[in-house]
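Each structure below is given as structure tokens.
Here chain A shows up in two complexes: once beside chain B, once beside chain C.
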Partner chain A sequence: MELRLDRVTKKYGNKLAVDRLSTVMGHGVYGLLGANGAGKTTLMRMVCDIQTPTEGAILLNGVPVRDMGEEYRDLLGYLPQNFGYYPDFTPWRFMLYIAALKGLSKGAAKEKSMELLKEVGLAEVRNKKIKTFSGGMKQRLGIAQAMLNDPEILILDEPTAGLDPKERVRFRNLISSMAQERLVLLSTHIVSDVEYIAKKILVMKAGQIIHEGSTREILRAVEGKVWECVVPAKQADAMAQQFNVGNLKYVEDGKVLLRVIREGKPAESAVQVEPVLEDVYLYYFEG
Partner chain B sequence: MRNGKAVRFFLAENRAPAPDAGKKRADMDLFREQVLHLPVCRKKKIPVRMWETAAFIHPVSWVLQMLFLLCGIYWAKWYGGKTAVTGIAAIVPLFTAVGGYELSKAVFYQMWELEKSCRYDTRSVAEMKLLLFGMCDLAALTVFSLLVYGESGDFLQVCFLVLMPFNVSSGVYLFLLEQFPARNGNVLLIGAGGMMSAVQILFRQDWERLTAALETAGTGLVLAASLLFLAGMIVRYCREREREDRILWNLD
Partner chain C sequence: MWRLAGYELRKICCRKMVYVSLAFLIFMNVMTYWRLGPSSERCLTAEGEMLEGVEAIRYMQEFDRRYAGVLTDGRAKEIYESSYPPEAVDKAGGDFWYVCPDILQYLDGAFYESGGMGVESLFTPEMGEIHLGYHRGYSMLLFSMINIMLVVGCVIVIAIAPVYAEEYSRGTDALILTARYGKTLEVKAKLAASFLFSSLLCLAVIAVNYILFFMVYGTEGGDTSVQVDFTKRNWEIPYEMDYMQLAGYCVLIWLMASLLLTGITLVVSAFCNTSFTAVVFAAACYVVPVWFSLPGWAAVLMPAHQMLPQGVLNLGCIRIFGREVMSLWIVAGVCAAAMAVSGIWSKKKFAGRQVV
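This part shows the complex of A and B:
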């Protein structure tokens, strides 16, 4: 399977949300990393055929997804950033509703719904109202509904927003286990969400992919540019204003440990350290 | 014919040997594998889709529609005459508001995006609901029309107090839902429904002048215009479900 984005552009009036974006994706997890307003959601919606590109095309195995219509949507599982539900819905009813819209038969809908609710740990509470659920439970329900049609393409827009660290790890592992035989495109601005599970990371800024590659390849962009130094608190404040500072930790004797991302040595005592993906993020989304 | 008889005789006399366990297991495995490769999503027939859509409509909506219908019947049977006709005329716009609310729930509750990514997308759901409520409304309209005709014996009153208000109120609701797809849409519908009911009561009070004016314009023409208005609003509403420029970018 090959999902090709060919010079995809989306304009909202005068605003350019996605700018001639091109990439090719196959099986595996693809992490779409970018700050708020980078155009991630617009891109996701276009990949899901919810919005039409102003220019360019999205092709699945060489066929424009616009032309495939419901045939394409049959292959799709989508978790929107702000997914809603009807107030009277329980997880069970919600799953059956989405299954009906996805074209599953009644028997298959029931079987698959129960299987997925068990998988995301919501089978026990399937008859409780969704409105009583925590953010994490709702997100798990969101991923379960996206899997109802056993999609080949799974699109997850900010799936870990509002989750606590434990739930985030659980969610990450769940996605990783689901990505064996499908394409998972996951947008986030939380670096650790994709750091360990993504086959490829796409860094998006101002509607364009400014960098793409594996975590290792992406890290190369900041190799030799990440420094750590211990400086007096007063100097640390000045450096925080002047440089791109990742971490700032108060140590002893009024001194501060700084992690700085920049081309040259930020201070005499600074030593070069191994970069992590968060440094890349700060490097690209500085200010 | 003789051959057929011979084959039947042969089959009756000869039993198929029982499959051995290994072959049976292999066939079952093959079957399971084939089932796994069957497409999960399938095209469904319209009656199935309608049945499924109806099952997910909130029970309160059905109860409300039934309540309005029973109110109309009760009014006609209890009061009779002019009061009954006025009551039914006031009920018609409120009756149609229930369908309007159900129609726009996807937008009220942020379900549209999820629905749009499914095989049967938001537009398809809206069309199915329109069909479903259209059928219910048609049945209720027939009852209301018969009641009004039974009370007044005047077909003109059926046209101007039941059919035309139905077309206009349904059209107005669709217009409002399309223009103001907000969470408080149901309040908007109730407000508009209440206003149209009040207008209906006023019309009924001033029936003589109204009929004179409408007859001048031509009964058929007025009815056809109201029907065209409704049809136009349905088309517009369905098209709007497809429009994207309403989706705001998060920087806007």
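This part shows the complex of A and C:
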């Protein structure tokens, strides 16, 4: 399977949300990293064919997705950034409704719905109204509905928003286990969501992919640019204003341990450290 | 598709505002039945006794039965001269013409107030033979239904306006439009559920009221000519029609109005981003035309005007290919076309939505 984005552009009046973006994706997890307003959600909506590109094309195995219609939507699972639901529906009824929309037979819908609700830990509350759920529970329901039709292309827009760390780990493992035979495009601000499972990371800024590659390749961009130093608290405040500080931790004797992303040494006592993906994020979006 | 239509029907019916509006409709119906129904009837007997409720109805039915039949100048004279003793008339005073049996009331308007005009002057040949009879049940039923049906229109607007608009405001449009049948069967299901809801609501209201009235008044007098009710000028229908036919045509017109209003509301819903704006604009489409003095043909194409079936039926007939065709059928054809267009238009708008 090959999903090709060929110079995809989206304009809203004079504003360029996605700017001549080209990339190719196949099976595996693709992490889409970017700050708010980078164009991630717009890109995902175009991949889902619920927004039309101003220019360019999105092709699945050489065929424009716009022309595939139902056939393409049959392969798709989508969790939007702001997951919409019907407050007076129960998760059970909601899943059966989405299953009907996705073309599952009644029997298959019941079986798959129960399986997925168990998977996301909502089986026991399946007959309670969604309006009584917490944010995390609603998000889990959103993940479950996206997977109803065993999609070959799974688009998840900030899927771990509202989930606690344990739930995020569970979700990460779930995605990782199912990504062998499908394409998963996942956008997030939480780099740990993709750091360990993504085949490829796409760093997006101002509507363009500014860097793409495996986690290792992405990290190379900031190799030699990540420093740690222990400085007095007053100096730490000044450095936080001046440099791109990834982490600030108070240690003993009124001193502060800083993690700084910078081309050169930020302080005499600074030592180079191994970069992590979060450093890449800060390097591109805070610098 | 019908599985999806079931879910859509559930979504329509399970909104709080729909419950509230249905409760108001039931309240209006009860109040109207109490105010205009059998319990509000009064009749002065020839002995000068005032009867009320079912007793009054039975007295009037028996009185009118004596004089039922084809109306002629001779019969009208016979009814006037043989009916009420002067003492009973004096006792009622100025209210006599409101509490006497129907046949006397109608003749008063037709022959007395108009200066003694005869049958041939008041009724045209196209109206056919004018049959007298007791038809008060039909009369009161149709008069009370008009108010109730106007409220039914409001319920339809409240229930149908969120069909598309609420999907936009909830964000569920993104889920629907990315599902396999989201742009195809689902939009058809929405249309099916919407029109089904409106027709069932309209027919249920009609059925309940028809049953309530006919249970007490009976169906007697269905062959009475509608033109007989001349004084009230409710039905100025220029062709032959009796009350049974009128009751049937009114059902058709109310159903047509409900479905046309549904189509209009669906279009508004597809274009509005929230349920609130959809309700406001759809309500405006329903109510505003009532305030304007539209020409006859334009007025009868508006759902609010159609809820008053007189407008459609009083238009008369049109000659098409040498045959006289009731204007009702032309209006019905135009409305059916408008419904089809609105359904297709709203479907396309939703399916082509750019989710933001």
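Just so we're on the same page, the second predicted complex is superposed on the first by the 286 of 287 C-alpha atoms of A that agree within 3 Å, B and C clash if a C-alpha of one lies under 4 Å from a C-alpha of the other, contacts with A are read in each partner's own complex, and residues count from 1 in each chain.
We take it that a contact is a pair of C-beta atoms (placed from the backbone, for glycine too) under 8 Å apart; a residue touches a chain by one contact, two chains touch by 3 or more.
This is a predicted model, so every value here is computed, not measured.
Once both complexes are superposed on chain A, the partners chain B and chain C clash.
By the touch criterion defined above, A:48 lies against chain B and chain C together after alignment on the C-alpha atoms of chain A. By the touch criterion defined above, A:108 lies against chain B but remains apart from chain C after alignment on the C-alpha atoms of chain A.
When the shared chain is aligned, no partner comes close enough to touch A:6: not chain B, not chain C. Of the two partner chains, chain B is the only one that A:37 touches; chain C does not reach it. In the superposed pair of complexes, A:167 makes contact with neither chain B nor chain C. Shared-chain residue A:17: touches chain B; no touch with chain C. Looking at the superposed arrangement, the partner reaching more residues of chain A, out of chain B and chain C, is B.
Once chain A of one complex is fitted onto chain A of the other, the partner contacts of A:97 extend to both chain B and chain C. In the superposition on chain A, contact of A:119 is made with neither chain B nor chain C.
When the two structures are aligned on the shared chain, A:152 is found in touch with neither chain B nor chain C. Note on the chain A alignment: of 4-12, 22-30, 202-210 or 238-246, the part of chain B that runs into chain C is 238-246.
Once the two complexes are overlaid on chain A, the chain A residues touched by chain B in the first and by chain C in the second are 45, 48-52, 70, 73-74, 76, 78, 80, 82-86, 88, 97-98, 100-103, 145, 149.
Taken in their complex, chain C has these residues touching chain A: 3-4, 7, 11, 14, 167, 170-184, 186, 353-356. Residues of chain A touching chain B in their complex: 12, 15, 17, 36-37, 41-42, 45, 48-52, 70, 73-74, 76, 78, 80, 82-88, 93, 97-98, 100-105, 108, 112, 145, 148-150, 155. Across the complex, chain C is touched by residues 45, 48-52, 69-70, 73-74, 76, 78, 80, 82-86, 88, 97-98, 100-103, 106, 145, 149 of chain A. Residues of chain B touching chain A in their complex: 39-44, 52, 56, 58, 105, 109-111, 113-121, 125, 244-245, 247-252.
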